[in-house]
Amino acid sequence: MMTGDEYRASLDDGRATFFEGEQIFDLPGHPILGITVDSAAAGYDRFHDPAPGAVGAFMAVPGSAKELREQVELHETVDLLTHVTYASIMTLLTAADRIEATLPDQAARIRAWVKDAQRRDVRITQCITDAKGDRSRRPGNQDDPDAYVRVIERRSDGIVIRGAKLHISAASMGHELMTIPTKGMKPGEDQYSVACMVPVGAPGVKIINTTYAPRHADTRDFPMSGNHHTPEGFVIFEDVFVPSDRVFLAGEHPEFAAVFAHSLGLWERLGGLAAFVTGYDRLVGLERVGHIKEKISDMMINATLIRASLEAAIENCSVTSDGAAFPSELYTNVGKYHGAANYALMVRHLHDIAGGSILTAPGMADLDNEQTGHLVRKYMGTLQSVDGIYRSKLFHAIRDYTADALGGWYAVTNLQAGGGLYAQRIVSRLHYDLEHAKKLALEAAHMGESANGSA
Amino acid sequence: MMTGDEYRASLDDGRATFFEGEQIFDLPGHPILGITVDSAAAGYDRFHDPAPGAVGAFMAVPGSAKELREQVELHETVDLLTHVTYASIMTLLTAADRIEATLPDQAARIRAWVKDAQRRDVRITQCITDAKGDRSRRPGNQDDPDAYVRVIERRSDGIVIRGAKLHISAASMGHELMTIPTKGMKPGEDQYSVACMVPVGAPGVKIINTTYAPRHADTRDFPMSGNHHTPEGFVIFEDVFVPSDRVFLAGEHPEFAAVFAHSLGLWERLGGLAAFVTGYDRLVGLERVGHIKEKISDMMINATLIRASLEAAIENCSVTSDGAAFPSELYTNVGKYHGAANYALMVRHLHDIAGGSILTAPGMADLDNEQTGHLVRKYMGTLQSVDGIYRSKLFHAIRDYTADALGGWYAVTNLQAGGGLYAQRIVSRLHYDLEHAKKLALEAAHMGESANGSA
Amino acid sequence: MMTGDEYRASLDDGRATFFEGEQIFDLPGHPILGITVDSAAAGYDRFHDPAPGAVGAFMAVPGSAKELREQVELHETVDLLTHVTYASIMTLLTAADRIEATLPDQAARIRAWVKDAQRRDVRITQCITDAKGDRSRRPGNQDDPDAYVRVIERRSDGIVIRGAKLHISAASMGHELMTIPTKGMKPGEDQYSVACMVPVGAPGVKIINTTYAPRHADTRDFPMSGNHHTPEGFVIFEDVFVPSDRVFLAGEHPEFAAVFAHSLGLWERLGGLAAFVTGYDRLVGLERVGHIKEKISDMMINATLIRASLEAAIENCSVTSDGAAFPSELYTNVGKYHGAANYALMVRHLHDIAGGSILTAPGMADLDNEQTGHLVRKYMGTLQSVDGIYRSKLFHAIRDYTADALGGWYAVTNLQAGGGLYAQRIVSRLHYDLEHAKKLALEAAHMGESANGSA
Amino acid sequence: MMTGDEYRASLDDGRATFFEGEQIFDLPGHPILGITVDSAAAGYDRFHDPAPGAVGAFMAVPGSAKELREQVELHETVDLLTHVTYASIMTLLTAADRIEATLPDQAARIRAWVKDAQRRDVRITQCITDAKGDRSRRPGNQDDPDAYVRVIERRSDGIVIRGAKLHISAASMGHELMTIPTKGMKPGEDQYSVACMVPVGAPGVKIINTTYAPRHADTRDFPMSGNHHTPEGFVIFEDVFVPSDRVFLAGEHPEFAAVFAHSLGLWERLGGLAAFVTGYDRLVGLERVGHIKEKISDMMINATLIRASLEAAIENCSVTSDGAAFPSELYTNVGKYHGAANYALMVRHLHDIAGGSILTAPGMADLDNEQTGHLVRKYMGTLQSVDGIYRSKLFHAIRDYTADALGGWYAVTNLQAGGGLYAQRIVSRLHYDLEHAKKLALEAAHMGESANGSA
């Protein structure tokens, strides 16, 4: 396994990564992107085990509700890059299982690749969302055929792909791009049915980074986003060659295109649900005015409904024949949906309670300035025992978390991650036990078990 | 234990019970109230065990999450009178436990009474809500001092009480009125701190019944409320003598007045939450038009959040030193609250989907009439395979359940049972782990463990 | 013009109308249906003008925002049958205007018929909603071809129609059935494109009545629905001959099928919006506990938003070249939508505030009974100045209006009248000024007037 | 009247204003604060009239619904500083009117000051919100007596004040601080009952600025906040002397303390409501994917309800005996409340529809970079006719407006401006016609005009 420093060195592999219009040649040394590298490096050091062939503890496959709960709790504490690496590995193994009967060679290739990736101790990011062009048209019917990533050439030793993947968290900080179709493909859309692993440094890969990281001179006013941030990558494949042993779908078998994204969905939403459990509590905790009880009750009730969903998702997990525990699809999706749908209201409550100082609390530098510092301290305080520095910091935290660039990032990401509200509604619908509900209704109506047409 | 018929006979004890302005002398034979008596009698037959000293299986105290779940499931299938009897017994035992250290005699009296009640196999109803007079004034400060039930005389062998209790489900069908204070009392309100067991047939007790039962000639159009209904009793204590061995608080110890109602709260709300799990599913099941997906998704998601809350309430039960499993206060209250608060929207979705025939589907008699029956059958049908009788019945069920007298009863009862939305919000707030939430928030704000005032 | 008594007599025209399985031969004398007849007769007496050729004041066509407001206010005070007669006349004249250019003969026939109807002073009801069979199939593709009303025979002097129309308020109390297509028809669905006026007493017409009217012996407990109620008619056309001068679309010109329903929509929703203005205020007024401020604020705010929408609909009316003032489509639909969508929450607030006595207040007969009357009066009172009779009546009103059969009728009707939430959303979308909104957005984004593709 | 350049020069008056820890000596030349100065200067040039004694057109007092509408529309186009100056003048004149009978000298002083301010053509900002200390205690009962602005010394020629006012928009860019009590004061809180006009450059005034202005090197990615922004001032009065002719309440007459804030409320909320009319449309306009109809319908319906409220507020204005038209308190507050309460949901809909590129669209510099520009253009495009530059700009606008620092500023300000949701609910409740609603309810209940206690 790599140490943090070995990880830092591994990023110098010729990758073409851009930020604010400039190519970045020294990622670990970059004033903004380097902070994300540091977080990832700390993750390497945390899980480092010098034993040959060791595999990180964050990789363990849970086998029961108890182990699933432990794994969920562990992943609440790891950096984002470590977490997506785990979700990627779980996705690949799940997909291998699902295609094995029909595509045994591809399943074997996936498993071999996973084993090798664990040996190399690399970090993996998830390239799913295509550029998409005109959303009302199918992939094969776009003005620009590259609007979805596709195979443009087949060679004896591999394939060449072209296209772009959007919103790829930490793409520039990982080693491998797990590149999979964004949705199911239909017959005739074979070229778009492509799943493969692409090294970040491969020729033709370009990544443009964007980030909510504050650009302010004094990042102390951003107690959250000033300390941790992860850029999103806009990943472009400009005619990239991928060798055969890294190709799992090669522009064929469109009937399997959706298997990878579906495998990913559950793990991604479980992560999202677990993050809501913490995030909702955090919003409650940021509130400070005890007497505005109705809004706080609403916040607590929503936080507890989210937590109940996670409890039910874990306790009602299903264990596969391999002994792997999967959280309940229904409870995971319903909890994630409720969390995403109500986040805006939770934040509104917090803004309503906390007041205008969210926006207008003077900064840490104003506290440092001797002409103004004592006055800020005086007038931002409440009781003698609660001074203005403490309250100023709390307001900075609320602004940073909910009403500035990071807050905007959460607002959108909470909705869009794991496929958007719409996708979570669909999956909830699929897994709800409708037959049971119908039976209850007919019994209550004293219509017994009667089939449709009978009186 | 009694049989159903023995139960019927036991109601002829001189009780003064009224309906629509008339005193009822033959409850089992009454065309409307007799139906509730039948349901209760069936409950007696179901649990009858001829062994001497036998106690009904519905009385078992659960000792683990598993047994708690079984008990919840069992009580989903019993009649209302059986269920409230169980909740009353649990309430009394819980209260005995809580007052034991300070009022050992009273605790012993409760336990003795419970043992005897189980031996006599009687049914108990719950008299809590007082008339209240002007809600903005305390009990002792009303124009009419009887607005809250109170002790008007103390004798060597017991007490005399006066007042009224409202909304007492099935009061006329039980044997014992568990009469407890509606809320906490303050020093000086001693006379209102009264808890005792009053036989329904005791001199001075009068009960006025109201019911959502349909008065229509043809109750087939009311597939639910035409088959089962329970009257609410308006119970009046016109100077009723209660012997000492039935008195648990005798117009003294106002500091214990709230113990009984609080003990009842958890069990009542658990019952409410469990009923929502079924009731929400039932609403989903009553919906029939598969393509209106957004509303149905909403309904399913809400139904599943309710179910997740029940799951979490059971799995996170606490087991007392006596080995009794109590469901989680937090999850029980939050789930009950969410169910109550969203019921109106669930019904609105159902009405929106199902359309005007909820109101205007012709009745069963119109189907019988040979001039009109074949036409109703023709025009209420959809496919050849779904005839108009089936659909008419389904519309009757929806109307009965959600848009007629029974529907109104559910609308109000779901909100008010277990103390109203307000009470459930308070309890949720009390049990939410606010310290944990604050800790999460401060950590996220990089403000560590710092106490309030420190920088 | 007819008097009330002449109207009563006019109903004895051989009409085949059914109730609870029996044909009714004496409508004015029927214990339940006769009450609606009385309301309609009172409407005749109110507007009676003995002058030859007089036309009812409720028929006036408004020509300005001011007159439109007066007409809206007038119709808030008339009985339902009078109101739908007016809306029908306005619908027919609007439709005549819209088809005139292409179908001048039909337009002339409509105008002639309207003139004659005004002379005869008849009442008109609106037959729109077809039986529909399987909602996912077009009219011409049903198992039963009669699922939508259609022309089954053309004769030289008229047409023969077959089918059924559902949810026709007061159908049995009017003289004429304005029978129009429920939606647009496509080429090949000509036979379903039929609009005509059918006398209620025409051979082959059968009407089955349903009603929320209380069947209780003592209707004093139903202060609203015990005094006024209107049955819904299930209207069946069993091969009914309609003479040519009453036929406006004769199973042809499917491109005009939707004109009538669209013409009706605006007037129906304006009526609905105006009723909400009153109905929302009424809900606020029924609430009695002044200190539950948050819920009451919500109720008042919603009531005022509804009123603001009516204000804006009237003030922004458009006046046609004929000088007729039409309310704004946008504000009418948005207000009606908001009222319908939030009604369930308004009622929930009322139920939450008012408490369980909505359901369990003893009846008027219990107040009459000398054993119980004084006790009900005592324990349902609050202050000495607010006695129990007053409060009992108020609770009866709340139950009747929101939590019993009439309440269910409002719950469903508010949603479904005027085409359901879905239809109101569509019309709102059509009339919203999207181009203006886009322009505002692009200006704010400093993207000026730039067309789509330009940088 | 001043020109823009004269305004710029007027700011060099020795004012002590701070930003990010440093005192600013050249406001017009400051890279961030100077932009706000430019906006204000443009406002001066726009309304400049060289005639001696001219008064800006933006100052006109409307006298009818028509003129009120024109004034509302005019103020939608002016810069913030001009708008608050107008609202301040209206507030002062309204307050003068209300105190005249009791405090004629003070009323005269206000009117004289206003006349002089108009002659000097100065800009005024609104200092209301005090530091407040512990919100659960009264002003006179704080650990620090300066938590609310107060009079610390009375002199023969004026008063000396101490304290701080928070969230003062554009305080550093105006000439005069309209300093008024934040709420009503009680007897004994006389020293806190202080209203006066303080020049920004007066000795002892210090202002700390905060702003959502982007600090990024390339502000093209912030099409809104990169072009216009206004800092919020944290205004401190460190023992500031105010001459008598500028003092309207001098630490006495606490019964009039609230008059000023109440006078301000209506004008501030009208401005807020008018801004919502535009802002909601803008959110609708920013949405680009036509087929997600349900969410867009919701957005349009809310935007139209807001617009209906403004329509009703204007049409139902009241004209005072002086001929000044005031918008309806009820409709203004209800509309502002609905806009504020639903803003979070509107933004959520937009985020749900628009997708992750809100956050991750590459920046303008990435479009400039020749290695990446053509690729961004290609993959951010949809149709050939909608290229990637256009779409990138649109995503920047959405992020800037709703999901970055400016978006956070709107989220909080929409809730808190004009006193917060709570204040708007209170005012709505005060102005709703409850007697009318009760009358409607009693009539519907057939309880006639009966007084409370009568049967």
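Which chain is which? They are A, B, C and D, in the order written, and residues in each are numbered from 1.
By definition in this document, a residue touches a chain if its C-beta (ideal position, glycine included) is under 8 Å from a C-beta of that chain, and two chains touch if they have at least 3 such contacts.
Since the structure is predicted, the reported quantities are computational estimates derived from the model, not experimental observations.
Peer 1: From chain D, which chain is the farthest off, judged by mean CA positions?
Peer 2: The chain lying farthest from chain D is B.
Peer 1: If you average the Cα atoms of chain A and of chain D to get two centres, how far apart are those centres in Å?
Peer 2: Roughly 38 Å, centre to centre.
Peer 1: Quick check: how many Å separate the C-alpha centres of chain B and chain D?
Peer 2: The mean C-alpha positions of chain B and chain D differ by 51 Å.
Peer 1: List the centre-to-centre spacing of chain A and chain B in whole Å, with centres computed as mean CA coordinates.
Peer 2: 44
Peer 1: Quick check on chain A: which residues sit in contact with 2+ other chains?
Peer 2: 294
Peer 1: Among all the chains shown, which pairs meet the touch rule set out at the top?
Peer 2: According to the stated criterion, the contacting chain pairs are A-B, A-D, B-C, C-D.
Peer 1: For chain D, which residues count as touching chain A in their complex?
Peer 2: Touching chain A from chain D are residues 16, 18, 20-23, 129, 131-136, 143-144, 146-147, 163-164, 166-167, 206, 208, 210, 212, 214-218, 232, 234, 236, 238, 289, 291, 341, 343-345, 347-348, 351-352, 355-363, 365-366, 368-369, 371-372, 375-376, 378-384, 399, 402-405, 407-409, 411-413, 415-416, 420-422.
Peer 1: In their shared complex, at which residues does chain B touch chain A?
Peer 2: Going through chain B, the ones touching chain A are 223-224, 227, 278, 281-286, 293-294, 296-297, 300-301, 303-305, 307-309, 311-313, 315-316, 330-331, 334-335, 337-338, 385-387, 389-390, 393-394, 396-397, 401, 425-426, 428-429, 432, 434, 436-442, 444-447, 450, 452-455.
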